[in-house]
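Once you've had a glance at the structure underneath, I'll fire off some questions.
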Amino acid sequence: MKKTVAIALILCAVFALFPVSSFAASDSVPLTGEVINVYNWGLYISDGTDGTLDVNAEFTRRTGIQVNYSTYEDNESLYTKLKTGGSSYDIIIPSDYMIAKLIEEDMLEKLNFENIPNYKYIDESFKNTDYDPTNEYSVPYTWGTVGIIYNTKYVDPIDSWSALWDERYSDKILMFGNSRDAFAISAFLLGLSINSTDEGEIRQMADKLAEQKPFVQQYVMDQSYSQMINEEAWLVPYYAGDYLVMAEENPDLAFCHPKEGFNVFIDAICIPKSAQNKSAAEKYINFLCDPEISGGNMDAIGYSTPISEAKQYMDPETASSAIAYPDEETLERAVSFTNLPTETIRQMNSLWTSIKSGNGLPWYLFVIVGVAIAAAAIFIVIRKKKRNSY
Amino acid sequence: MKRFNRIFTVAVFIFLYAPILLLVAASFSSGTSLSNFEGFTLSRYSELFSDKNMLGLLLNSLIVALISSVVASVFGTVSCFGIRRLGRRAQKTVMTVTNIPMTNPEIVTGISLALLFVFIGQMLKLKDVMGFWTLLIAHITFNLPYVILSVMPKLNQLDRHVGEAALDLGCTPIKAFFKVTLPEILPGIISGGLMAFTMSLDDFVISYFVYGPAFTTLPVEIYTYTKKPLPPKLYALFTVLFLAILLVMIVMNIVQARDDNRSRRNKNAKGEITLTRI
Amino acid sequence: MKRRNNVFKLLLSGPYLIWMAIFVLVPMGMVLYFALTDPDTGRFTLDNLMGIEEFLPVFGESVWLAAVSALLCIVIAYPVAYVIAKAAPSRQRVLILLVMLPMCMSFLLRTLAWVALLEDTGILNRLLGSLGIGPLKLIRTRGAVILGMVYNYLPYMIMPLYSVLTKLDRRLIEAAEDLGCSGTQVFFKVILPLSAPGIISGTTMVFVPAVSTFYISKKLGSSGTALIGDLIESQFKQSYNPNLGAAMSLVLMVMIFICMGIMNRFAGQDEVSRI
């Protein structure tokens, strides 16, 4: 027994002598049995494919805390999941306007920043934001812009959202699957505010979207990856970060920040009220803010980091990309979302449901079928009665 | 006409199997897209077997399917005896309720259970009610009717006098049950249980509404995957599962064939063909 | 003795009754409750049900597509079931196994395989392209959705038809032939009416999942073919309006139960048939 301990100690000493790179698998902390549930956007973390950094595995290795990772499609799905209840999450990463809404509805925990020393790396411009003015609830994860990704093989160079209404590309246009992003595009095109609360204006936006529907192939989110890469679709409004990843697979893809303006967003890490392991969650937040981790992570997902120091750990090409980090002049056109009143959101959602729901069949077809069924039924009943009367 | 029917049947089988073959072929392709076969590789399989996450999900699915089908089989069979002792009207009502999960659209079953679980969670002040237990309860609930509806007819066919004869000949009721009744209804239990197992293993819709972050099954995860580019190791997993199920079915087929032959010899006069159904 | 029997009876059936009450009847009650209450105040309201009016065309579309699929399934499954039922017993078993096997495999992945087959850049279109036929509009049509439904639910039609057809008494057919019926007459006057229970249970097993599907239409349909299942799913998973979702589910459920009731009535059988 003593011998094995001694050998183990010697081995440890030997390993300690060599400066082990922090990504190596050797010096892992034993599992503590703690588990956190992380709920994040789809394709929004570096997961170790193709030799990239595996963020969650690295976190487990360093802290011994295991990560239960699951994904959602958009802010609205996240909100629905939290609101429905029944599931507990320790980490969520909503966008700005959704964070404001969650704070307003008292669904977020205040963070204990003593556990998050790496918060100091966050650039000043990402602090004291509109959505979290007191910096109590959230720590920025990424930021980014929305634009049009298109395939240059089939689509002429574009600079306007109106390309998504272009009949020539009918059935090759993908559209946002969530209401807020979709309505924003419509608002830009109509020259309205993307944060409008005016009922009439919202209706106008919905009408514009309904106009677009005949040309839309599908309303999707991350499904656009495969559709765009294998050229099943030619145009999609999506996030700049995802463009960088898609373009690696299909070099014919191009990106544009439309002239009418576009949305700029910050996605930040929060702890919802349903969390069961707050201190472990804070460790996770701290870990994500480590410049080295953030750099490796952003390299893989293509989004922009709010930590300037992280850029030194990134592929220089990504770190200087004009699409991930647009110049001042472009950013002047950028507008961010604010939280809307519940009534407006409800109106938007119900209009959105109507737009997305099928065209349906003409009424008379329904009536004809009904009559036919009834006739058949009566016929059978009569025949049965006749037969019984023999 | 006969020839047409045959050709037609072959065509239908091709229709049924074309997508399956495509998925199997994709598991050997070095490309990532389903529609492009690029080059032969076995690396998808090594990727699959080194992916603890996916194997864990498969294990989750198997655990839920196995426990729920076994519990449903035992619970359902016991209940069948009870139901049969009820009055005619009560029996009819119970059977109507039993049929509800069978005829209700799965999505409605799913959301109704989700509403219930969330409600219970709020009552008990549980933050994470969704998970293993809710999945298990949901699966047992939709598995029970399969068992009941396949055990009940067997029980109705059962000759009461045989049981009584066994009692007269000095068997204890328990012994009579295990020696006489159980063997008679066993095929019903097995076919109901197997049906339940396969239904549960591939259930997506109901699980989709009652899973929790800590415990997910494979089909639910595949659904969230299908919104993103699909990792090709899933095709390898599909192929492995396909072969496993094929194997199980072949074994069952052989067992059943033997069983049929025996019972045909026994019941030669009746000459009835037992239905092969799972 | 009598009392012991009663206790025994309750002991055996009681747990089942309680289970079904809690996990089948109460959840249905919850759906009803949500459908009839206001999302904000929790008070009784009919607004949710009234709000459905707007989505009636979607209901119409779902019913239409599911009905067409069910009909196609009958037409396709009948000859297949007939051939299987006529085959030698050993071969019958193999064929039935082949019919059942796809039912056990992930329907999500199999539907995805159809996407790869039908896409504009998919396998079929590339095959056609190499033959010089321009890309056809296969995917994102009503036809594609119907194909997806037929493909996924065809085995559920073949099985009950097969089990009815194997039980068919050959002597009845012979009798009809002796009485001078022609082949087609035998089919329409004897075989078809006798297989009605199989057709009916098969139809329910195809129609119910088809009318409420939300995956097939999402993958194979276009932005214009969202079905009622898609709407219900989005109320619970995206738009956070469980009350409207519950109201839609309620209408769907009632609609299906009415259809089933009518069909079972015509079949002249009380119990719902199964595979």
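Lettered A, B and C in written order, each chain numbered from 1.
To be clear about the criterion, a residue touches a chain if its C-beta (ideal position, glycine included) is under 8 Å from a C-beta of that chain, and two chains touch if they have at least 3 such contacts.
Please read these numbers as outputs of a predicted model, since none were measured by experiment.
S.K.: When you draw the chains as points and link the ones that touch, which shape shows up: line, ring, star, complete, or other?
M.R.: It is complete, because no pair of chains fails to touch.
S.K.: Which pair, A-B or A-C, has more C-beta contacts?
M.R.: When A-C is set beside A-B, the one with more contacts is A-C.
S.K.: Rounded to a whole Å, what is the gap between the Cα centroids of chain B and chain C?
M.R.: Roughly 17 Å separates the two chain centres.
S.K.: How far is the middle of chain A from the middle of chain C, if each middle is the mean of its Cα atoms, in Å?
M.R.: 34
S.K.: Could you pull out the residues of chain A that touch at least 2 other chains?
M.R.: Only 73, 84, 230 qualify.
S.K.: List, in ascending order, every residue of chain B touching at least 2 other chains.
M.R.: 33, 35, 114, 226, 230
S.K.: Multi-chain contacts in chain C: which residues touch at least two other chains?
M.R.: Within chain C, the residues that touch at least two other chains are 119, 121, 236, 242.
S.K.: Where on chain A does chain B make contact in their complex?
M.R.: That would be residues 35, 37, 39, 42-43, 49, 68, 70-71, 73, 84-89, 220-223, 225-226, 229-230, 274, 276 of chain A.
S.K.: Can you list the residues on chain B that touch chain A in the complex?
M.R.: 33, 35, 114, 117-118, 121-122, 127-130, 134, 212-214, 216, 224, 226-231
S.K.: Mind pulling up the chain C residues that touch chain B in the complex?
M.R.: Counting only chain C, the residues touching chain B are 5, 8-17, 19-28, 30-31, 34, 76, 79-80, 82-84, 89-90, 92-94, 96-117, 119, 121-123, 126, 151, 154-155, 159, 163, 166, 183, 204, 208-209, 211-212, 214-215, 219, 229, 232-233, 236, 242, 245-246, 249, 252-253, 256-257, 260, 270-272, 274-275.
S.K.: Going by the contact rule at the top, pick out the chain C residues touching chain A in the complex.
M.R.: Residues 51, 54-58, 60-61, 63-64, 67, 119-121, 137, 140, 218, 221-227, 230-231, 234-242, 262, 266, 268 of chain C touch chain A in their complex.
S.K.: Any idea which chain A residues touch chain C in the complex?
M.R.: Residues in contact with chain C: 73-74, 76-77, 79-81, 83-84, 171, 175, 178-179, 213-214, 216-219, 230-232, 346, 349-350, 352-354, 356-361, 363, 365-366, 369, 377, 380-381, 384.
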